[in-house]
Amino acid sequence: MSGIFKGKTTGTPISLIVHNKDYISKDYNNIKDIYRPSHADFTYDKKYGFRDYRGGGRASARETVARVCAGAIAKKILLDLGINILAYTSSVGNIKVKNIDLDYINKNPLKIPCEETAKKAIQLLDNLINENNSIGGTAYCEITGLKAGIGEPVFEKLDAMLSKAIMSIGATKGIEFGLGFLASEKKGNEYNDIFYSENNEVLKKSNNSGGILGGISDGSKITMNIAFKPTPSISIPQDTINNNLENVNVTIKGRHDPFIIPRAIPIIEAMVAITLLDYILINMTRKIECVKNAYFNF
Amino acid sequence: MSGIFKGKTTGTPISLIVHNKDYISKDYNNIKDIYRPSHADFTYDKKYGFRDYRGGGRASARETVARVCAGAIAKKILLDLGINILAYTSSVGNIKVKNIDLDYINKNPLKIPCEETAKKAIQLLDNLINENNSIGGTAYCEITGLKAGIGEPVFEKLDAMLSKAIMSIGATKGIEFGLGFLASEKKGNEYNDIFYSENNEVLKKSNNSGGILGGISDGSKITMNIAFKPTPSISIPQDTINNNLENVNVTIKGRHDPFIIPRAIPIIEAMVAITLLDYILINMTRKIECVKNAYFNF
Amino acid sequence: MSGIFKGKTTGTPISLIVHNKDYISKDYNNIKDIYRPSHADFTYDKKYGFRDYRGGGRASARETVARVCAGAIAKKILLDLGINILAYTSSVGNIKVKNIDLDYINKNPLKIPCEETAKKAIQLLDNLINENNSIGGTAYCEITGLKAGIGEPVFEKLDAMLSKAIMSIGATKGIEFGLGFLASEKKGNEYNDIFYSENNEVLKKSNNSGGILGGISDGSKITMNIAFKPTPSISIPQDTINNNLENVNVTIKGRHDPFIIPRAIPIIEAMVAITLLDYILINMTRKIECVKNAYFNF
Amino acid sequence: MSGIFKGKTTGTPISLIVHNKDYISKDYNNIKDIYRPSHADFTYDKKYGFRDYRGGGRASARETVARVCAGAIAKKILLDLGINILAYTSSVGNIKVKNIDLDYINKNPLKIPCEETAKKAIQLLDNLINENNSIGGTAYCEITGLKAGIGEPVFEKLDAMLSKAIMSIGATKGIEFGLGFLASEKKGNEYNDIFYSENNEVLKKSNNSGGILGGISDGSKITMNIAFKPTPSISIPQDTINNNLENVNVTIKGRHDPFIIPRAIPIIEAMVAITLLDYILINMTRKIECVKNAYFNF
């Protein structure tokens, strides 16, 4: 709608509209007064005293289309800087990816980088659909090609901001960097990443830290794991309450995925891209030489 | 230094100075040119081209004293609102707390809520000190007494902002809410927290979500687990590089804790308190009735 | 487009689109390479190295439609709080308003509160149209019904923020509060507004300060004058340069007002309303009693 | 106190303390319950329900020392970029500067760039001191050496932000750019600044706009005039009220300047410097080429 002229950005905000055409109002009629378990119906109603029940409003994953659009632009710029972001499904329930084959990610609807795991997971999901049930899982995301020095001290550490960005995606329940929770079981001499130098380049013998030291990128791969809860919308009848606080029973209708992560993959990549690009721009002012160069030469 | 007059805040920023008297400059002389493994020496130098090597600068845990001071004020206000924040050490390496006894937290230097676990952990740490080694662990934090409705939609979800706040503390490697990573292995009907109503109050039969739904508090306990890496400063000789990118060997001297979490406990509580209070203030504008009341009556 | 459900706001951002149908592309063909005098063509091109020449892009007054839309919502809320914002044209060139008749503002296209002045001004503008020329003028704006206590200390003073808000409107060249520049010629004992009390109310014998003391509203009328330059688009041939830095001559075509202020009146009111409402919301946290009341009762 | 190591900034916030040693507490004892006319005593008390009466708290000009300190650093950087900021007193009451002699600014305590005007003004102020009275005046400020392209569209225009910055200084009552209020009396063909080109440089035949077009610097001198009210603290007895809303009479004691602008000159320069530097940093991201250069080369 705005911001682009003759194929180039003008500096004006880029705006676009995505019309939701895949929307069936009547699906929501039977739940308009009901607080679905593990949904945000209750908390929104409690907060605002009023709620748009048609599809969950801003608590619906529909809002993430804006994130993916913005992320697509950020990724184009990052690619120009030699930076790649890649996310995939790393587990479905307790089925975990074994042998990584990145080429396979886009060859299966679950975005799993392993043919054998994908097949097992698809069978599991077929069973869950029959049960009208759903399941959780984990995603993995990595950033490659990022130079050292990106991220800010104290409150705006790169891992802190990536955590905020990722944990703002619906259904996420946890995030970890590098070894993550496993780091909590390690001794210092097992965990520490040993620096060494080769051809005037700084390298590390391991990457347990996941590419961030003191909140600032160290030039190695940034890695993170993200936990997702099972899709809360299931068609199994569930006890719950309505907005008169009466105990009722609900069966949720409509089209719902038994497993949410394949849809979350582009959202994760988008949020990482937006966050990274922000920090790359912020990092531009780190040295007076850079300020002078930008003022005099562009 | 400012902001308080006759025992009351004036609205002026409250400033205070904590003079660091426990500081031995010469401890840093032998590492001023060296990038300690898993420290931020390298990333700061890479970012700014220059670094204050006396104690790590802003990458040192010394900066957290400001967080604890601010948190102390936030906690006083939260207490007035009936809100409590409690954190403790939940594991040391692979020694995990078994039976929770909250009274025991302040009876042991490790802030562990379990006498048996604390004793085992102390023995482990004694051995590590002898080895000049360190170890990671986990902390648990809960918020009790918080009403439903706190947190903002989309990017500023309460769990997103708590994640940012916590992950901005040095040495953190992961955070999870409620069941966290375990949620990824659950089916929808196992995970969903069933609402019910009793005496006109909204209750839940479980709290797998950890008290937050759609980024907004639901009135139940907010729970989180936090992973910490082992203290990177160990006195075991380690290979590394210096700022000329020469491969060297370093033995870190000075006073360093083999286990960092007991010192992180008040920082976690402080960051949670600051974040919560921010969101309680932001939430004041959620209804026009509240705006009117505040304008006309105060 | 969003944010409203069943006639009430949901908390979601309210979005709307205003399609510009009064747009003649070819009017801009002859000036696409030309830097119009006293327009932003040159500065935008210099900044971005690229420019959307069709109507001036974001430097065009077209962008102010968004301000007026947002202001309309802010004004509804302010009205509920008993706060009124009124702006009018106070001079056209050197024809200044003499006797104020507020009822006349909407009875003439120039938004002048004085029949005699309006008639003189209309004649002046008729002559200017024949000359293909334009003229500057001033606007006056007042806020009535605002309680004392709105505005923040130091950098975010109410007059500072209103200045920013108003001076962000295109073609403004100056702003003053109360006596404004005339205050610079006064002695302390002539200028100072003497407080007195009547029926337990704080009153002032004069309002030279224009209703703001120390950046905070004092409960009396807030008054400001705003200077506008003449419309830069005139159809008189003018010397200028093009984007090859060649000296050229340009005659600007298209529909352009010889006098801009009547169109600026709603923009001024909108910017004042948006700014005021922001500060009323910020002011909600000024006392702990208000925080408690908002937390427990809404 | 922090932020500097071996004569260079480390990126850590630079903090410093200025101890106020020129402070006589008892001067405030007789006014602690009194709302001085045209001071912020009343508005602060009304806002917070509580007030630090010793010297006016944050409403005192004492807070501006922080602005001047920050400005001193900003000015050093701007100087490196070839940018100069100069302010001086342009009128005292209705005595206005006639012939500008910049060398004379620092040769008189009033910071007036004209020997004849300074002498007249000093005589006026001597009389006012005898009357226990004060007077207003105007300051002029100019920025030279700034390249075109600095400032942001729409809400963050350079003149809007400079207005906010300047109007946040106590005692200011108005600001104007270029011709300012005089522009309101001009016709388009009189006011418009005609561009021309010479030796591949963009020049203007006049600078009525004061160096800013569409909120963005145009490469010519940025000029502004600022109106100051008379010092409100005068030793002439004045009627007023106290905080019980009783009508009383007050004579303000203590050391007070009859004319405030000489002390405001460094504050104006500081606020302009801080604002300009912010916008120069923001402008660094305006072109993708600059982003790439900063990422790869620094």
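Here the chain labels run A, B, C and D in written order, and each chain numbers its own residues starting at 1.
Note that in this section contacts are C-beta pairs under 8 Å (C-beta built on N, C-alpha and C of every residue); 3 or more make two chains touch, one makes a residue touch a chain.
Bear in mind the structure is a predicted one, so any value in this text is a computation, not a measurement.
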| item | value |
| --- | --- |
| Which of B-D and A-D has more C-beta contact pairs | A-D |
| Label of the chain whose CA centroid is most distant from the centroid of chain B | C |
| Whole-Å gap separating chain A and chain B, where each centre is the average of the chain's CA atoms | 22 |
| Distance between chain centroids, defined by C-alpha means - chain B, chain D (Å) | 42 |
| CA centroid of chain A to CA centroid of chain D, Å | 46 |
| Residues of chain B touching at least two other chains | 11-12, 44, 47-48, 57-58, 153, 283, 286-287 |
| Category of the chain touch graph - line, ring, star, complete, other | complete |
| Parts of chain D lying in touch with chain C, wherever the complex brings them together | 35, 37-40, 42-44, 46-49, 57-59, 63, 91, 93-94, 128, 133-138, 148-151, 153-157, 159-161, 163-168, 170, 172-181, 183-197, 200-202, 208-210, 213-219, 225, 227-234, 236, 238-241, 245-247, 258, 283, 286-287 |
| Partner chain A, residues of chain D touching it in the complex | 11-12, 77, 80-81, 147, 153, 280-281, 283-298 |
| Touch list for chain B against partner chain D, complex | 1, 5, 8, 10-12, 17, 44, 47-48, 50-52, 54, 57-58 |
